[in-house]
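Just below sit the structures, each encoded as structure tokens.
Heads up, the next two complexes both have chain A, just with different partners, chain B and then chain C.
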Partner chain A sequence: MRLNKIILSFISALAILFSTSVVSFAKVVGDKIVLGAAISLTGKYSSNGVHTQNGYNMAVDRINSMGGVKVGGKTYKFDIIYYDDESNPKRAAQLAERLISQDGVEFMLGPYSSGLTKAIAPVTEKYGVPMVEANGASRSLFTKGYKYLFAVLAPANLYLDVAIDLAVEKNNGKGVTVAMAFEQDAFSQDVRLGVLDAIKRTGSKKVIDDKLPKELNDMAATLVKVKQMKPDVLVVSGHTKGALTAIRQISEMKVDVPMLAMTHCDAAKLSKQHGKNSQYALCASQWHKTLTYKDDFFKDGMTYDADFTKEFGYAPPYQAAESSAALLVFKDAFERANSFDQKKVRDALAATNMQTFYGNIKFAEGGQNVDKPMVLFQVMCDDAGKCENKVVAPTKWASAKLIHPIPSWSKR
Partner chain B sequence: MSISKNNLILYIGILTFGIAAPFLFPAFKVQLSILCVLIVLATTWNIQGGEMGYNSFGNILFYGLGMYLCASVQVGMFFPLAEWTESGGEKTFVHTPTQFFQGMAFGLLVAAFVPAIVAGLIGYSILGLRGHYFAICTLGLGVAAGEISGGIEIIGAGQGFTTPPFPDVGSLDSRGEFFYFLSFFVLVLTFITVRGIYSTRFKLILNAIRDNEDKAEAMGIETMKYKIVGWMISAFFCGLAGGIMGGLVGYIDSTDVAFDGREMGVFMVLMAILGGKGTLWGPIIGATVFHIFKEGFWTFFLGWQYVALGVLIVVIVIYFPEGIMGWLREKYPERFGEVVDEKDRKAQVELK
Partner chain C sequence: MDFMVFQYPMISVQACLDGVLLGILFALIAYGMALQWGVMNIINIAQGDLVILGGYIAYFMYLYGIHPAWGVIVAPVVMYFVGIAIYKLVINKVVDRDLFISILATFGISILFMQLMNFAFGADVVLANSDYGTTMLFNNNVVLPNSKIFSAFISILFAVCLVIYMKKSKLGRAIRATAQNARAAKILGVDTEKVYAATFGINAALCGVAGALISITFTIHPYMGLPYTIRSFMIVIVAGLGNLPGVAMSGMGLGVFEEFADYILGTEFRIGSVFLLLVLILVYRRFKLSRKREYLK
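Entry: the complex of A and B
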């Protein structure tokens, strides 16, 4: 049978292709420290993936132009190999494997979102590759005993429990009724657990607990329930799309609720896209430009905001800021370890104790950053319709007073 | 089934290549394992889509089911499953090597047999549908399964399910080698089975169903019985493939990894069509070419890979409507053992 010849030649062609495509980079090429990152450039997390990538690039350029990283008396520059994980955990795990075993990357930066970080962490852990991640906040990442995972951000359960505390405080210490709507993904579900803890702690009551589908484009059913149940607080979390959908439909359906707490408002550019409709929304944030943290590279939040806006044409959401901070952490650890040995760098990372423009960074045993509180900001608009995010809690950072309760739609 | 001398050489060659591959290309172990899984999916889809003429988008159901079942059994045999998947749980469970491999073995058994039984149960009602109705109905199966599993707390719901990490045995490469040989074994098993059934009357009956189901029935063939058995065979191997993939990825998400109809569910159809559906080798060649192109696009067209893939699909549909095998068959019919009568061919050309 001649068919066999075709198949055999096909297989040998395949073998040749495979053997020629083995290109290996070393971790440090010449004066370059090569970091690997799988980023969501397409798919449902693409907008936040780009924020993350911009944050990384901004910090790489800044550190390289300001003298680079000094290890063993030599100066090195950062370089990043990116791949697109398509917002898909399966793809992300494959890419991590590929970065490490094919591209020879020995240090990794995190992807965007908890789910993808969960998929990558087992791989980096297996190979003993230190990973500093800036966008995986799910608490379950930090209870798996990972030794090589470091997160510069506060865990997800801390995002919105402050909002419940605020509502209770406004209610004279009495419990409130809470309506919850969370996307079915690792991050949002963890935010939900944090809110549940806060509800229990404050003696509040949950009246709605809805799970929303991924790629959140419609939550009208939940909002109809909210209209009828009239809860004191409505909590929504579902990444960028969740924030946009919530504001769009709340304003369309004129849903009145005294407090609306969300995540990802700044990443969604809410105040720009929905203007006055987004007014009074309360948002959890890892970072805000008015916080007074400082470092040598970006100076402070305001300068970072200005530089970022100049470079990329939009104001940096916290996703970008924390991603930039991850590079600062790596630089600091390399210099303290004074070596490119993965174990030594890992130990140096574990001993990190520094301040960046983004906040203080100090890692707990599980790898989460314990030295940086979350902030809550509220979208506030002036009469001309220009909206701004202003920090309202915690009191230490507050630049404006919380407006509570939210005026009803008929009076706006 | 008889194997000719030439075929024997070919099979031994492929087998040797398969066993040597992870050592020849140590950096590509994961991609090679995924390739094996893709071939299994494409080959089993071909039983329905190619031989039987039933375009199933529902095979992803068995793949996802196998993935969740394998991981659940692997964890549940030794630890409380609910505590394992609970987010923020303070306890850390670690499988010993023996526990890991025992769990995996039992998990894979369950992952193979349960989907097959499920296929048998739902097959009776669903396989009664034909044409577009069957395709749409099976499309719904995968979507529904994804949404339902995303709400079941004990398997992690929206949080996802982290499968047991590979235990510390041997070197760093042992995980890759383990999963590669496991998937290669399943691939060989699938190939032997499929080749076996394609050389029996069973395949002819499937073809009869594809060509004219009513006529087949009128000839006294119990078509429903054969349709269900065919689907059960596919489900069996899809479940196995899913179980392996779950362990390989290390993290199961309801809609993005397990019931991934948008990617895996479509890819298995695409691969079979690319290679040439209704042939034994078509899905295998299709899956291999597809995988290589896909990995290549991901490296060289960052951010545009799906556009490039889209162009590839358009090119395939326009220039290779019968798939690679179909194209080869038309171009070199004598190599496929077909005798071409030159005079007759010329006469036909002139007629046109």
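Entry: the complex of A and C
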């Protein structure tokens, strides 16, 4: 009985807490612009969810401390309400609903991953809530005709087509043979479509086209086929698991391939987990600290890298950088709209044309950022086994020369 | 469909060897499952999660500069006590109830373990590097990572030790007696409660060894347990309880089947084909059982 009483009073205390918090939050209160975000703080996306949150928080603090947002002659500060979506699309959609209809949020920041963004976008669209997202790159997000969705990152189909172009360039403009291994999820399959386009465009030929299941941690069969077919390029995309498994098994099975291109290398901490075995891998990245884009808040990539590392104790992966950029975009749009009217802010967002430390930002009709190319970096190690990621393409941003073809395992 | 595997004989050899090495590892997990299924009549859905937890033990040793191969000694010891703890907290309350209740209970444990591991270790995919190198066979046409060979060797070693232990030791005899007839064993003075606890502990320890080996050979992640549960379930169904050579054979068979399915149907159907095989085997077994029943009538 006593236990029941305790539980009952605990629940009522919680209820009171929630009801008061609902009252105290609303769209623009006093001098605060309240943004809402459902983020994966637990569940399978929790590490990248935390990168996203850290990126958002870093930008909020920076913008607030440097004068905030000026709208209608008044200065406002950013504030974010976070909920944990547990890496679950259904939960994310519920939370978006709750943020908008209960908490009264009028502007949203995106969650982590394409899947969760896909779950939230219909909700924000229904209520006409502008959402700037930084971590959903799937092409299907931008073909649905969403009017209130804006993504600061380049869409997934552009991740690895640069690599095919690079291989063709190294082959004196002639087509190459490509082996592909992609996980069966929305993002990786979009990356695959991009690669297929590039293959068609350059007159190349695909020789292997394997789809990896989500639970997979063994791709030996694909690699045996690669050994047999000897393609010019091997392309792998399967989130961090794919990147780690590929490098482990390529090095163990001594698979020689002139070019190896992947995604999610820095999220997988490839050079840390695999050291020298990851050497020469090419990795698609939305951002790299050595790129020379600039803005007033974070100055440039190197400064962002240093500031972020100082605050959070680890170097920022691109997931954090793009999340920070999302707030710069919101600030810029609010000031140009000079209003908190959702329609006006939406139109201002659509007209965005700016440079941030993360890259140029300009949205196409579908909401994707068309002004920021992907970069490819290559893992390069010194004799002591210390590895670093160096940008090798596009040539404009390259800080090192591409090593091609990859030396065979017998010579390493 | 791709029949490359038959066009190049070396690929078939590679697939068979990969499959056998993988299957031996599966068989170790399945043996633990068969043991506690036979003794306690419990199907442990959390089997795969115990494996992953064992993997994390080896991974953390690796992180602190200890070679992860030592994990095959440390992980079973730690996991034995984890197993005993799970038994004392949950399993002893469901051990005499019907199968459905124990499946629900272990399903609950599985979810709890997944979330706890995710909470404690993070959602990153991790691995432990053994740097064991590679063995090349047949003029470099067949490659076998030494880590896989090591895994298979250790699995066999543990299985053999366990068989000897079950045959020779007092506890082993008590476990076998309880499996045959718990009530009779109890009347004859066997402390079945202790036997159950020890059995569950031994099962968890075997999972620990397998987990450590998986962290060396593949990758681990808090949510990766279920495929291991399914595989061991299937191996046990095919082999039957208390039939170690059967478990080993069906483990290797499953490994080879998976590899060939991967080559022929494509990697995307690899795990799917395992599920399909499971359904087929269950249907076949049911069919066979019903015929037997009719015969008995």
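Just so it is clear, the second predicted complex is superposed on the first by the 386 of 412 C-alpha atoms of A that agree within 3 Å, B and C clash if a C-alpha of one lies under 4 Å from a C-alpha of the other, contacts with A are read in each partner's own complex, and residues count from 1 in each chain.
Simple rule for what comes next: a contact is a pair of C-beta atoms (placed from the backbone, for glycine too) under 8 Å apart; a residue touches a chain by one contact, two chains touch by 3 or more.
In this text, all values refer to a predicted model and were calculated from it rather than measured experimentally.
Applying the stated contact rule after C-alpha superposition, one finds that A:Thr245 touches chain C and leaves chain B untouched.
By the document's definition of touching, neither partner reaches A:Asp305: not chain B, not chain C. With both complexes placed on chain A, chain A has more residues touched by B than by the other of chain B and chain C.
Residue contacts after overlaying the shared chain place A:Asp210 against chain C, while chain B stays out of touching range.
In the superposition on chain A, A:Asp161 makes contact with neither chain B nor chain C. Applying the stated contact rule after C-alpha superposition, one finds that A:Gln184 touches each of chain B and chain C.
When the two structures are aligned on the shared chain, A:Asp218 is found in touch with chain C, with no touch to chain B. In the overlay built on the shared chain, the residue A:Ser101 is in contact with chain B alone; chain C does not reach it. Contact with chain C, but none with chain B, is seen for A:Lys254 once the two complexes are overlaid on the shared chain. In the superposition on chain A, contact is made by A:Ala93 with chain B only, not with chain C. Residues common to the contacts of chain A with chain B and with chain C across the two structures: 42, 87, 184, 211, 213.
Looking at the complex, you find that chain C touches chain A at residues 4, 8, 11, 14-15, 18, 22, 115, 118-119, 122-127, 129, 134, 136, 143, 145, 147, 218-219, 221-224, 226-227, 259, 262-263, 266-272.
Here chain B touches chain A in the complex through residues 4, 6-7, 9-10, 13-14, 17, 24-31, 34, 87-92, 147, 150-151, 157-160, 162, 165-166, 172, 175-176, 245, 248-251, 253-257, 260, 263, 281, 285, 288, 292, 298-299, 302-303, 305-306, 328, 332, 334-337, going by the rule given at the top. Touching chain C in their complex are the following residues of chain A: 42-48, 87, 181, 184, 210-213, 215-222, 224-225, 227-228, 239-241, 244-245, 248-249, 252-254, 268-269, 273-275.
Contact residues of chain A toward chain B in the complex are 1-8, 10-11, 14-15, 17-19, 22, 24, 41-42, 82-84, 87-90, 93-94, 97-98, 101-102, 115, 118-119, 122-123, 125-127, 138-140, 143-145, 157, 182-186, 188-190, 193, 211, 213-214.
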